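Working notes, beginning with the structure itself.
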Amino acid sequence: MENFWQVMNQHLDEIVAVILFGVGFTTLLLHRNLIKKILGLNIMDTAVYLFLASLGYVEGRTAPILTDGITSAEKYINPVPSGLVLTGIVVSVSVSALMLALTIRLYRRYHTLDFDQITLMMKGEDD
Amino acid sequence: MTNRNDPPKNRFVGWLMGEENPLDDELELIVSTSQQEGRDVLSLEEAERQEEAEELRREKLAIDEKSQSVRIHSWAKHQGAHWLETLYRIAAVVLCGAIIFFLMTTVVALPPFGAENNPYNNEVSQRYIEQGIPETGAVNFVAGMILDYRAFDTFGESTVLFVASCGVIFLLKLNDHSSGKPSRAMLEAEYDDRHHEPKNDGILQFAAKLLTPVILLFGFYIVLNGHLSPGGGFSGGAVMGAGLILYLTAFGFEDTRRFFTYKMTRWISCLPLLCYAGMKSYSFFTGANHIPGGVPLGTPGAILSSGFILPLNICVGFIVMCTMYTFYALFRKGGM
Amino acid sequence: MAFVQNVPFLCIMVSMVSAVISSMVPARIARWWTVFLSALVAALNVWLLTFLLQTNESYTYMMGHFPAPWGNELRVGILEALMTIVFSITILASALGGMDKQQSQISRPKQNLFSVMLDLILAGMISMLYTNDLFTGYVFIEIMTLASCVLIMARQNGRTMVSATRYMIMSLLGSGLITIAITITYSLTGHLLMENIHESMAALHASGEYEVPITVVVGLFFVGIGIKSALFPFHTWLADAYSYSTPSASSILSSVVSKTYIFLLIKILYRTIGFEIIQENRVLQIMFVFGIVAMMAGSIDAIGSNDLRRMCAFSSVAQIGYIYAGMGLKLEAGFVAALYHMLVHSLAKSSMFIAASALSDVSGDSKRFSDLRGAGYRHKMAGVCFSVSAMSIVGIPPLGGFISKLYFGQAAFAYGGAHQWIMLLALAVSSLLNVLYFMRTVITLYRPPRSDFQLPEHRPSRRADIAMCMMTAANLLAGFLAQPIVDLISRGLAMFV
Amino acid sequence: MNAFGMIVLVFLVICAIATSVSKNLLVSVVIFMAYSVLMSIVWMMLESPDLAITEAAVGAGVTSLLFFITLKKIHAIRGDEEEDHHDEQE
């Protein structure tokens, strides 16, 4: 039990990130509603970014912006994950915009958001 | 071999010859002979009527067929493939469970959170921090890293935004008529927009009048100070975009159209991207060929410092602002 | 530094900039610019390849002023240059061959955006082939994914939009898994550049630390890229996407986009994680099994379809199975065979999709087999090109497909054990199934048409003819020059590490 | 990790699950917005102000706006006026 708490304490952010990833993944796979799928996708992405950002953190150091003129690596956290996550956030907003645009078009055509039903209706129509 | 069923070999040969169903031809033959008869015997008038009836019958047949297929599909959905869907759900849950399990075991085995001597706190991040100011001139090490050390990734990221905006235009932009008059779809969208969006809402307009300049200024501040403080082109651009969206929501397209036409937004998002590509091409080319870059870095901490980072941030800011505004306008009305 | 060494950088930047400019110019200029651009990229890379063959060593190219573990880098070798040449020729042929269709199927004001996407696919392809950095790979994967989604839905009817949505959902699952894999890799090694990761991984492997995370990383990369490149159980998005989009889109998707992803996977497995670690890893066994299953299942699905382009799509699934099965053999020979197969298949499939659209044009715009009878007579060129490509995929001797199957067999023999027999059996059965469905197609194409068939009005496309002929000639050439090409591939692979 | 951090993380998980299970789409999107804000707090605690500011502007701001306008377009948010009677047809 002690061991468990120790592990939990050491990896809390990562574990939360994995749980969030699971929630997002499940939403993306299981929900039929397209909007829900996109929300799940966003949750999944942010979970990965949380995981990535938690790698950069070092206990007791500050944000990677020059303060008091000290340029020692001992004082600041690792800036690499922050940069990667910045890129990731922009990718995920672009992806969700495109997906939402697709959703609007599909709704205009089929008047439903249920992706299974849309698939069925699509099979019913000719080219 | 009975007569009733085609012998399997024949059916195979038939399939090989490209026939989907060996019975197809026979059915068609019957239909065509009946048509032939009709044409031969009947007079012109009758033939016309016949044709009309034929047309009707065909339409009806088509509708029947369509509803038939829909019915088959719905049958498949409700009874036939019900277990298939259950199977899919179970498989999905199992897959998610497996992925979470594997990730958990992995995560627990990873180096501990927040420790100093983790493998990723190595010479890479050390140089970004210790050499960052002499090499890039940026006080914000993250900005220095993404816009100078690893600038190629960031250029890719701006391109992702560009692709997404092109994709949204592809999907949602309504076409003008070639004659210059708005098309029916556009008029409908305009009507829809007027009908559903707030119009002349006093509180909103007052708030927007007050807030929009502040928001835009704040966004521009974030962009300009990207190399000095947290933020940068992306966050500042998003803030500016949000300010524009607020203005658009309060005052409608009539007001924004005076400046933000479709052409204008395209230019504002493409030109900075080209500038970005130009600047980065210059620094990539000189870097790879070991030619000194020759961009003055300035005094660290001053606003006009850190070489290309400030103009790059401004470019990114404009790209992001325009992309966000384009997204919103296209989602709302399919045009500007 | 010789000027020719700048070629990869120039290609990437020029194609990105021309994508941006293409979005502002009239569609006609944008279309021809794409064709010219891909020809330019191919020519420049031929120049680069001759240079590399002379010096016989690979080099890295700094993107910026900072060396290896700090800045982004490109890495240039024989294999990358060869792949770029073949893929850019494929893009050239697809853009040229689908040009007329593009004009009729996409609404006029949006046609230049289609060319923008083609340029971006070209840029993403070059960057993914040449990159030496995992995260750059991820960013360009995303660019490729978004651009191919737009390509799929460019012809805006219900089916293409639904399949684009499905494609996006699947791809984004894949991207999520790939990002996690990159994150774990970064947390284990602290690097993002492939060579540095490889060094750290080798050290970790020697010390026996972090065995579980490394296996999970390999598995996540495999599943993520498997989803994106339509490996068998994840291929559900593929059939509709390939059969209803415009011909250039399906040709590029099947022959360039999925192959580029697989090349990135090879790069990750072979260079980033390291071949010696991969060889001891269980994941490759799973990859082998998936590949074998895909070989069978894709062929069976192809037999069951009554639609020409759908059949080609399922045939792609089977061929991707070949590639994964070859990689799963864990031998250098298997990787060589897989790479050669990638080249040959991309040449054959692109000409096949263009020919298929030409054939359905002369059959009243129908892709169904019952309407396609006699199409081979109505459009002789397309019939011949389709048949030659089909023969290449089936594996008729002088053509490329035969030789790649030969190499797969050789690799399996070299591996020995149960794998050998499974692979040989799978090759035999899958080839037999290939023969079945392609024979059906060819027979259908050359059967007299139905008695009531009337030749529909259509405008023959001279550009599509040229593109088809070009790709068929390239395919024949790849068969005749098999030995030199395979030599190049093995030299490139030796340079890879 | 202090107690405040733990609470925020727990709320993060709760918000994610609530987004997934809530029946009403509008409610889902609003909870998702809250989720983004919480995420930006987490990033602030992880000493990455760049990320926090970007997530607050992009995730909680613009993405949610796009969701809202989409919901409006697909008539999931109904105004108090009469039903719309003209559906856009392709």
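Going in written order, the chains are labelled A, B, C and D, and every chain counts its residues from 1.
As a convention for this text, a residue touches a chain if its C-beta (ideal position, glycine included) is under 8 Å from a C-beta of that chain, and two chains touch if they have at least 3 such contacts.
These numbers were taken from a predicted model, which means no experiment stands behind them.
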Which pair, B-D or B-C, has more C-beta contacts? B-C
Would you mind checking which chain's C-alpha centre is most distant from the centre of subunit D? C
Centroid from C-alpha atoms only, then distance subunit B to subunit D, rounded to Å. What do you get? 19
Centre distance in Å when subunit B and subunit C are each reduced to the mean of their C-alpha atoms: 23
Computed distance of Cα centres, subunit D from subunit C, in Å: 38
Between subunit A and subunit B, tell me the centre distance in angstrom, where each centre is the average of that chain's C-alpha atoms. 17
Listed in rising order, subunit B residues that touch 2 or more other chains are 99, 103, 110, 118, 120-121, 124-125, 128, 140, 142, 150, 153, 156-157, 160, 163-164, 167, 171, 230, 232, 234, 327, 331
Two-or-more-chain contact residues of subunit D, please, as numbers and ranges. 48-50, 54, 58, 62, 66, 70, 73, 88, 90
In subunit C, which residues are in touch with two or more of the other chains? 135, 139, 142, 146, 149, 153, 156, 180, 186-187
Judged by the touch rule stated earlier, which pairs of chains are there in contact? A-B, A-C, A-D, B-C, B-D
Under the touch definition given earlier, write down the residues of subunit A that touch subunit C in their complex. 21, 24-25, 28-29, 34, 37, 41, 44-45, 48, 51-52, 55, 80-81, 84, 87-88, 91, 94-95, 98-99, 102-103, 105-106, 109-110, 115, 118-119, 121-122, 125, 127
Using the touch definition up top, name the residues of subunit B that touch subunit A in the complex. 66, 69-70, 73-74, 77, 85, 89, 92-93, 95-96, 99-100, 103-104, 107-108, 110, 112-116, 118, 120-121, 124-126, 128-130, 132-133, 139-142, 145-146, 150, 153-154, 156-157, 160-161, 163-165, 167-168, 171-172, 229-230, 232, 234, 300-301, 320, 327, 330-331
In the complex with subunit D, residue positions of subunit A that touch it: 9, 12-13, 16, 19-20, 23-24, 26-27, 31, 33, 35-36, 38-40, 42-43, 46-47, 49-50, 53-54, 56-57, 61-65, 77, 81-82, 85-86, 89-90, 93, 96-97, 100, 103-104, 107-109, 111, 113
Along subunit D, where are the residues that touch subunit A in the complex? 1, 5-6, 9, 12-13, 16-17, 19-20, 25, 28-29, 32, 35-36, 39, 42-43, 46-51, 54-55, 58-59, 62-63, 66-67, 70-71, 73-74, 76, 87-90
Quick one: in the complex, what on subunit C touches subunit A? 135, 139, 142, 146, 149, 153, 156-159, 161-162, 164-165, 168-169, 172-173, 176, 179-180, 183, 186-187, 192, 244
